Each structure stands twice: as C-alpha cells, then as structure tokens.
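Note that chain A is present in both complexes that follow, paired respectively with chain B and with chain C.
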Partner chain A sequence: MRFAIAGKILHVDLSKRKIWTESVPEEWIHKFIGSRGVNAKILWDSMGSGIDPLGPENTLIFGTGTLSGTFAPTSGRTTVTCKSPTTHLYLKTNVGGHWGTELKFAGYDYLVVHGAAITPVYLWIDDGKVEIRDARHLWGKDVRETTSLLHEEIGDPATQVAVIGQGGENLVYFAAIMVSVYNAAARGGAGAVMGSKRLKAVAVRGHGSVKVADGKEFYRSCHVAIKNSYEDATAKFAHLYGTAGSVPMVNEARAFPAYNFRRGYIEGAEKIGGPYLAESKYLKRRLGCNACIFCCHRYCEIKEGKYAGCYTGGPEYETISALGAGCGSIDLEVVIKANELCNIYGLDTISAGNLIQWAMEGYEKKIFTEQQLEGLRLEWGNGEVIVEMVRRIAHRQGLGNILADGVKRAAEKIGCGSEKWAIQAKGLEQSRVETRAAFGYALAFAVNPRGPDHLHSETIAEFGTRPGGRRLIKKITGDEKYANPRLIEKRADIVRWHEDCFAATDSLGLCAFINTSRFGVDPQQMADMFSAAIGKRVTEEELMEAGRRILTLEKCFNVREGATRADDVLPWRLMNEPLESLARGQDVMKAVEGKTNPEDFTPINSPAMLNRMLDEYYELHNWDKQTSWPYRETLEKLDLKEVIPELESKGKIPRKK
Partner chain B sequence: MIHVKAKIFSQAIPDYSEIDLDEGSSVETLLVRIREWVALGNLGSGGHKMAFLNNTGGLVVLLNGMSIYTLSGWETPLRDGDEVSLLPMFAGG
Partner chain C sequence: MKRLLAHPNKCTGCRSCMLICSFMHTDACSYHGSRIKIVSDEGHGIHTPTLCQFCEDPPCVSACPAEALSKNPKTNSIQVDASLCNGCQACISACPFGTMFFDPENQKAFTCDLCQGDPECVKVCQLPEALSYV
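Right, the complex of A and B next:
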C-alpha cells in the first residue's frame, strides 16, 4: 500500500507510439519529495547534455505534488519539467488549476512524454486506459476551442485538459502549456516543447482517490496550516484583490518595472491594481486551484467598447506589469484583452510583455526598418499595438516572427545595441520585480537555474513591510535588521533558505503563496503534513535538506549543459544603468542616511555588488566560487552520488583548493 | 516647517494629501495629523478610512519607498519633501 501517492509513472513514447508504466521508487519520495524533485531526477536520467530542446530527445515531464489530491491547503500545484528551448538549460514551470489532481485520481503521479509524433496527437487518459489519439482536427485551434472540442468529443465536461494553443504549435520560445483553460505553465517555453512533439493536448479523467497513512494526524496538521494561513493579514487580501493587489505596494516601493525597466514607478498604477479591478465592472469571479484556501485567481469580462466580448482568467500581478506598466500603459482594458489573447494562444504573459517593451524601446530609437514595422506604431502606451503584437507573436507574423524567438535572439538578430535593453539573462525574459530596488531578489534572479525570475526563491520578506516577513528574516539571519532590501549582507542566507523552502513546497504540490508570500505555513508544518501523509516521520531539517538536494540536482543539470558562474548574471540594463525613479532616489539615500554607508544604496546591481553576493552564496552551498560548480563532498553529503560519474567524466567536479 | 506628501491607500484610488509639519516630526506625528484631518472630514468620508488608519498593525508604511521598519519605525524623523505611503498588507505576485 502506497500512501499519499498513486505510485505510478506513466510513460508515453510518441515516436514509437508506445505506452508503459513503472512504479515510483520508494526512495525517490524520501530523497526528492515528489513533483518538482522527482521530475528533476527523471529529467537528469532521461537525457545527456547538448540535446536539441525542440527535438524528440527532449523529455516533457508532468509531476503531481505528493500532497495533491488530499485536502492539504493549496495542494493543487503541478510541475512541468523539460530542457528549455529558451535557455537550453533546466526548466521547471509550475501550474495550478485541477489537471494534476485529476491525473493522480486517474492513478498516475507522473506523465513522462518521450519522442515526437509525426502528425498532431492528443493523449486521452481515462483512469487506467491510455490512448494516443489523432488531433489533426484540433491543430490550429486555440486553447478554449480545443478544450471545448475535447469535452464534446469525450462527452464529459469534467475532463481536465492540458493544452497548447497557436503559440506552442508555432514553436514560440515562450509558449505556455495551459491547464484547466486559464492556468499557465508559462515560463521557459514548455509549450513549444509540447508543440515540437506535436502533442496538442493531454485530457484526463480519474475516479480514484488518495489515501494518507495517518488520517487523524494529517487532519490535525492540515487544520493547523489552514488556521495559521488565515491568521496572516494578507490572506483576506489575496482573496479580495488577487496577486494584482500588490501592484500599488510594489509601485510605492519603487520596485514596479515600467517602460521596459527604465523606471520602477508609474503614475496612476492604482488604476491597474487589484483593488481597482475588484471595484470595476470587469471582475466577475474569484477562483481557486484545487484545494486552495485563498482563491486568488480572477475571471474578468469586458462587455462594451472596443474589446466587447473579451473574457478571460486573470489578470495577475506579473501580467499587469508586463502588458501594462512595462509597455507604458495603465489601461486595464488593454491588459485584460492582451491577457485573454496570451491565454487562448498559450503564451507566457511575462515574456510577451517583455518582448513588446523591447520593441517599443527599439521603435523609439528607430532601429526597425519600415518593412519590419509594416505600419505598426510601437509607441509607449499604445494599447492597440500591444494587443496586435500578441496576435502577431503567436502567429509568427512580420515583426512578431522575430519577437517569437525570445528577446535574446531578437536582440541578436536586430542588433543596434538593443542587447542592452533586452531584459534577459540565461536567455529568459526577467519577471516583474525591480532588482535594483531589492538586492535579495537580485541574487535570487541571478542564480535561478531557469533564468531571472521569482519562482525558485522569492524573498518578499526582505522588504520588511510585514511582521511575518521580519520574523522570518530574524529566523534565517538572527537579526530583524536584515529585513531591508537595500542591504547586500545576508542576502545569500536569505536566498538559500527560500530556495530550500520553494523546492520543498513545489515538490509537495503546495502553492508558494502559503509560506513565502503569506507566512502562515512554515517548513515544520509542511513536514508534519508530509509525515502524516506518507507514514514516515520527516523532520523540518530533512524536508529542507531535500529541497536543497532538488535545487542542487537542477544546478547539476545546468553544469552538465556547460553553465558556469558567468551565466549567473542579471540583465545588462539592471547591472549598468541606475534606476531612474530611485534617483528620486536621492530620497532613498536620505531616508537611510546614518543607518549604513549610502554607497550601498546606489540603485544598480553593479558587478562588484553581485559578485560579493555570489561569492557568499556559493560558499554557503559549498560550491566552487570560480566555476559555481558543486564540490564532490557537497554532492556526497546531499546523497547525490549518482550525478558524480557523469560530471567527473566531463571534468566538471571542481577540486577544492 | 517641513512639507510632506502622504498617499493613503484605504480604497482603490488613494487620497493624496500635502501636510505641513513642525521640524523634527516623525512618521507617527504624520499619522496622528492625518487622523485629525479624517476626523474633521477633510479627506472625504471618514469611517472606513479611520478604521484603516487605526489598524496600525495591518498597515504597510513606506517612506520614500522604504518600509519604516528598515528605518526607525514609527519614530523615523521626516524631512522636507518626504513622501509617505500608507497601504494595506498585500503580498504575492
């Protein structure tokens, strides 16, 4: 009897049209917890270095959380893992909705897709019955149309569908996999990998259930987690205002990227913020992922005007910044419409907005030819052009075809110095936090194996705005004074703690909002729920160590691909240009005068500053500072001996000096 | 005298107000002054706003973009031209 997990990995080879299952090895749950952790193990084992991410050798892995399918709060998260076409490095992208839980109810914890089909197919998983079905009639359809057609074809509207739209079909480098219609496994181009396999969708229906080992203790520990979560002051606001609720605060903290990261502040941001949305005519419903206790997801409609007939999930904070302020717009209708198009074409809103901003700055600097522009007026804040560019990117039309390859490749192609305002590192478009105003974020973004974003280690606590965050910083560093985003001291400790915690959270299938954004559930409570579910005592330290093991394995994937310390950087602009709106920043200097050396507060991620944080970070991990590669003893201590022979054969196990 | 800007996010569209304070005034002095203004009806309808301002444990207070807790808390001195934002505790993005 396996507790908490279904116990099976479902493999599908689309090249050979072969389907098989294997058991989830018992030791993997203890070593890698589940979901993101087990995905990383499967990915490491399934390929060598240097494969083409858009070729049949790439493996696309869907992993459900070990607590998914139970009533553990926020346990509906699923991790999708593959080699990223955007970065050619490790990619995990995490998604909510209800699809993952349904897969578990169908009897599978993991779905591993190998190879590539010759013509479009979809998978139909009906409990224990799995079929590869023809999807030629679905190719070219958007996410909503495909989901509806599959519901009709299968005859059961409760079927959960993971699907790609035109973005994935056209191999847009930031195409998303959409699940439960409006939830996106968005970052890093997992949708393009699915498109390269000509896998249009995975439809799942499951009627099973999940059993936990100690029901009474599991109920108790979940109850504590729920109670503590609701006691955090932000729980109510998460429901009322969604992630969009943080727009006004981030803007006031001068950390809200606007005008392609030229500014960290935009006048009138409240008009695209969560409270404004909540009082507007657009917000129709608040929704939650499986087992959610906050329900921060939004559903909006536009009933009149230019965009009448628009309806969509969202918009989220990241989308509002990317498709709104980042493009110089505070028009909520434009954000909702552009978000709808990203959702139905299956595009990452963060990257889509990033590319449009890059093009707008290029337009201002007159780097495009008339032929490339085809009459487009890419002026800041031009709502029509924001919406139109999303269409052109998804269909790879005109300038959209250049943007569809991601901002790094687009800048390389166009040149004219545009690399300097391409807001990317490792090839991934950066997510929407101004790291020149928050140095913990800066370090976290630089070392993130998938590229610069907030979902491997989001250090909200460093802002020092909330009691829970300040308590957490004290727990990590020993002193509340380090809850200050303009300090570089202790950022390595803060980032590494969050890495461990994020990896454990993702692997259990919980939402990061439960413990590093709201501070209701600490690792001890996660360990309690995990222990009761699987029937084996796991301590807080063991859970966090498993988190570190997972992160280190992900790092090893990148090391095997050739990544070095030189890859752990931030976008050029953020390392070389001071933030304009913080240069109101005179004010910031004044505010901290007498506290610390004012030079520490220059609003820039200078190489010297980043290098100091990187040194401390690698040292803390016991990785070699010169290469950033883990030492043998580090891998042995984390029980990751299996990666040593291959890394050693490639000369990538550094010698300790 | 010093001239300070305050932004109060008790509702979707914040109230902006510019206030003159004595030299050496703190963030707390400013809060007390804003409460007096609200009580006098100088910042529109008061009930919800007053409840918002009285719940100091649930407020995020930023001075020129920095949490006052990274400075000297409520006792942080204000200077001419400072900008103070009072917001509820949002989180997550």
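Right, the complex of A and C next:
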C-alpha cells in the first residue's frame, strides 16, 4: 500500500507490442516529487542525445500529480513529457481536465509510451487491464468525434480519453494532445510525437481510490490552502471571467500582444475580454479541471450567423491574444470559431495564432508568391482567413503546410527577412506575454528549457499590483521596491524562486493559479499537504530544492542535446525593436501607486539587458556563465550525480575558473 | 430546516465535491465512494450533479424491509443503520433519483448524511455555488 500515489509505472512499447509495469521507486518521490519531476527522470534515462523526436526512439510520458486524485485544491493536473520536435530540446507540457486522475484511479501514476506502431492504434486501460487496440477506423477523425466514438465502442461515456486530432496525425509541429475533449497539453508538439507513434488515443477507466497517510493533517492542510485561495482577491475574478478576464487591463497597460507583437494595444480589446464574454450570449458555462476550486475554464456556443453551430471549450487569454488581437482582430466569434477548430484538430492556439500573424505580416510585406497564397487574402483582421488558415495548417494544405512546421522553419523556408518577425526562440513560438514590458518574464522566457513561455516561471508578482505579490517579492529579495517589472535588478532571484516553486507545483499536480499567478498557497502549505499525503515530513526548503533539482535535470537534458547560452535568447523583434505603444509613455505603471519607470527604461529586451540578467541568473544557479552549463559541484549538491558521467563524456561539465 | 441543493447549470464538473465526500466517508478519495455523482457530457460542457433529495416521505425508507433506514430528525438526511442493513438493495430500487448507493465491499447501502449538518462538499464549491446548504 502506497500513500498518495498508485505506485506503478505502466510501460507500453508500440513497436514490440509489449506491455509491462514497474513500481515507482520510493526514492523518486523524495527526489523528484512526482509528475513533471519523475517524468524528467524517466526521459533522461530513456534516451541518448540526438534522437529524432518524431522517430520511435522518442519516449512519450504522461505523469499524474502526486496529489492528483485527492481533494487538494487544483490537484488534477498532468504533465506530458518528451523530446520536442519543435525545439529538439526538452518538452514538458501540462494539462488539466480529468484524464490524469482517471489514470491514477486505474492504478497507474505514469504511462510511458515507447516505440511506434505500424498502423494506428489506441490504448485501452481499464483498471488493471491494458490493451493495444486497432484505431484505423479512428484515424482522420477529429478530437471530439474520436472521443464520442471511443465512448460508444467502450460503452461507457464516463471513460476519459487523451487524443490527437488531424494536427497530431499530420505531424504539425505544434499539435496538442487533448484530454477531456477541450483541455490541451498544447505546447511544443507533443501531439505530433503521439502522431508519429500512430497512437490515436489513450482511453482510461479507473475505479480505484487514493489514500493519504495522515488523513487528519491532510484535511487540515488542504482546508488551509482552500481558505487562503478563496481569500485571494482575484479568486472570484478568475471564476467569473476566466484567464481572459485580464484582457482589458493588459491592453490598457499597453502590453497586450497585438499585430504580431508590433503593438501592445488594440482598439476595442474589451470586446474580446473576459468580462464582455461573461455578459455575452456566447458563454454558456464555466468549467473546472479535476479538484479545482476556481474553475476558470469556459464553454462557449455560437447559435447564429456565419459560425452557427460552433461549440467549444475556451477561449482563454492566450487564445484571444493569439487568434484575435495578434492577428489584428477583435471579433469574438472568429476567436471562438478558430478556438473550436484548434481544439478539435488538436492544435496549440498560441502557436497557430503566431503562425497566422507571421503570415499576415509577410503578406503585408508581399513575400509570398501567388502560388503559395492560392487566393488567400491574409490581411490583418480578416476573420475568415484566420479560421481558414487553422484548417489548412491542421490538414497541411497549401501555405498551411509551410506554417505547420512552426514559425522558425517557416521563416527559414520563406526567407525574405521574415525570421525577424518570427516570434520564436529555441524554435518555440512565444506565448502572449509582452516581455518588453516585464523584465522578470523576459528572463524567465529566455531560460525556459522548452522555449519562451510563461509556464516555467510565472513572475506575475513582479508587477506588485497585489498585496500577495508584493509580500512575495519582499520575501525573495528583501525589499518590496523590487516589485517593479521595469527593473533589471533582482530579476534573477525572482525568476529562480518561481522556477523552484513552479516545478514543485507541477510535480504535485497542482495548478500555477494557486501560488504563482495567485498567492493563496505558499510552498510551506504545499509541503504540508505533500507531507501529510505521503506520510513523511518534507520541509518547505526540501520541496523547493526538489523543484530546483527537477529544473536542473531538465536543463541537463538540453545541455546533453547541445544547447548553450546562445539558446537562452528571446525572439528577434523583442530584442531589437522597442515596443512603440510603451515608448510613447502611455504606461500603466505610472498609474500604479508609488511606481514609475526607471529613468533608463526602454521597452525592449536588448541583448545587453538580457545578458546582464543571464549572468546573474547563471551565477545564482552556480552554472558556468560562458556555456550556461551546471558545474559538477552544483549537480552533486542537488544529488544529480547520475547525470555527471554522460555529460562528462561529452565534455559538458564546465571547469570552474 | 436547511437543505442541500445542487444547481446543475452552475456545476463546473470539477468533482472536488466527490473527492472530499468520499474522503470524509470512506477515508479514501474516489468517485465511487462519493454521495454526490456527476454525469458529464464533456463535449457540450454539461455536468449534472445528483444527490439525495431528502424526500418528505422517502420511498427508500418505506422500501427497507430491515428498518435500517430512517430520517435524521436533526438534519433531515436519510440515515442508514449499518448494523441493520442486510444489503438487499430494495432502497436503491425504490429511490427515483438514483441517489441511494451500494457499497459492494461492505454490502451496505449509503447516501448523503449531510456530514451531520456541516456538508463538506459545499466548502469546495464556494465560487461556482453549484451546491448550496440553506
């Protein structure tokens, strides 16, 4: 009997059609906590460097949170890990919904998929029974239809399904794995990896339960977390308006990525914001991931007009910026329709929008041939084209086939200087954060092992707009004055703290919305819930150290693949072009009490400022500044000795000067 | 007397209520141990919670041949006396709402006991307010 976890890893080799299980080593829970952390360990052990991410050597790992299956608030999140086809580097992509908890109730904490099938298959996990089943009849079907067909085939509509759509089948480099229909493990192309394995879906049904070691203490610590979460002023806001709630404010702050990051503002953004959506005829219901107490997810329908019959989960803040403002559109119906298509084809809305914007800017600059365009008029704000491009990307038709390879490869192929407006670093399309307006975010995005986005170190506290954020900045830096996103000082400290916390949060299966986007739950409370659940005292420091160990292992994966400091950059535009809307002085920071921009503030992530922050960040981590690689003593101190021999044999353990 | 009510249009399908309910009553978190059930149509975002309706004249009580079921005068919930329950499941057949359940392991019927007047499920549904105890 294991507490909190089921204790089992389910391995499936699709090439050999072999299924086996192994137990989760006790030591891993203490070293890597669970989910994202244990995934990192499994991934490191399962492959050498240089494998083809879309070949059978890639390993696709689904890891449930250590607290998943319990009522610990927001504990239903799952991390999917593999080598990314987009970046050829480390990929972890996190998803909510209910699939992970079902897997745990079926008796497995982890599902590790090796090899590749010859013809399409799906996995059917029914408690202890696991089968590889034919999925030829499902290939070519979208996410929603596949889920329904599996429900019929299995005869139980409560079966949880993780599935790829046409995006994953067609190896679109930003294809998502969808769970519970509308929840996406979106970033970095995990859906393409699943497609390359010809694994259409994983259907799971579990009737088990999860027991914690110290029920009384677990109940107490969870209720502290629940109470504190509810007391955070933004909790209600999150429920009422979802992640899209912040659209109008971010736009007012002139930091809402619009027109492919050329502007930080779009006229009329309130019409695509969460509060407007909440009052509109489109929002039908609010949804929650497993064990969530906020329930920020949306469900929308369009009943009349051009897109009548559209129904879908979403839209989120990111989707609204990516498929709306980013493309120069404030048409909410277009956003919802494009969101539906991304969901059912299984595409990352962030990257899909990014590619369409890149093409729109290219269209404006006349870089495409008539033949490439096939009559498409890629004008800013052209809603029909936005929707149509999502279709063409998913099916790799015409220009869509070029965009489907991700913005880095598309720009390489088309050329004409278009790499300068390809908003990517490491090959990953940047998420919808204007890092020129927030330097902690800028550093976090640059060092994120999977590429530039916010799900590595969400440093919203640096804005200092909320008491919880200011308290946190004081705790990290010793002074509230560093709660100012336009400062370079202390960004390294702020980012590193958030990295540790975020890794621990992911690994427990919790959502960033309880502690780094909102401030209800601190690492001490996470440690309390974790300790009570597993029956061993884990201190806050130990939990945060495990977070750092996880992040460092992810970093080591990239080092092994050949990544260096040169990879820790931001998109060209953000490093070389100031953000006009902020440069003109229309800056919300002036409205925030006691805060003005520093004298030398320019809204740009210049190489000079980034380099300064990187130096401080590597130093703080005790990584070599020249290469960005961890020193031997750093790895030893974090008890990551197992990675040293391989890195050493590749000459990637830097010598301390 | 306070009543526990489920409001399906507000249910987000998060199942927090089920996980805490099973924990309070079975010492382990599960769906099957919960006194609340949620039927989901994920494609349409519809989640329908069901729980005991605390009937005025409960058919489950009348149906029980062992007199194991009775109304708790303090909370108005249906209480199952496990020492009397013979596992015949007549109460389950009698319940028109499908909210009387059977534990196959212990061979006993169970349903919502309102946590003796302080229902835990409501505490994890404060934002959606899909469950109310008023």
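One rule holds for everything that comes next: the second predicted complex is superposed on the first by the 642 of 657 C-alpha atoms of A that agree within 3 Å, B and C clash if a C-alpha of one lies under 4 Å from a C-alpha of the other, contacts with A are read in each partner's own complex, and residues count from 1 in each chain.
One rule holds in what follows: a residue touches a chain if its C-beta (ideal position, glycine included) is under 8 Å from a C-beta of that chain, and two chains touch if they have at least 3 such contacts.
Just so we're clear, the structure is a prediction, and the values are computed from it rather than from any experiment.
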Partner chain in contact with A:Phe3 - chain B first, chain C second, else both or neither: neither
Which of chain B and chain C A:Gly288 touches, first, second, both or neither: second
Which superposed partner A:Tyr363 touches (first chain B, second chain C, both, neither): neither
Touching partner for A:Gly273 - first (chain B), second (chain C), both, neither: first
Partner chain(s) touched by A:Tyr182 [first = chain B, second = chain C, both, neither]: second
First (chain B), second (chain C), both or neither touched by A:Tyr311: second
First, second, both or neither for A:Phe502, with chain B first and chain C second: neither
Of chain C, residues touching chain A in the complex: 9-10, 12-16, 19-20, 22-23, 26-33, 39-47, 123-128
Parts of chain A lying in touch with chain B, wherever the complex brings them together: 233-234, 237-238, 241, 243, 245-246, 248-250, 252-255, 270-271, 273-276, 278-279, 296, 316-318, 432-433, 437, 454, 460, 463-467, 470, 480, 483-486, 513, 517-518, 582, 584, 587-588, 590-592, 595
Chain B residues touching chain A - in the complex, by the definition given at the top: 7, 9, 11-14, 57-58, 60, 62-67, 69-71, 76, 79, 81-83, 85, 87-93
Touching residues (chain side chain A, partner chain C) in the complex: 69-71, 73, 76, 98, 101, 105, 144, 147-148, 157-158, 180-182, 207-212, 215, 219, 223, 226, 230, 235-236, 239, 284-295, 297, 299, 311, 313
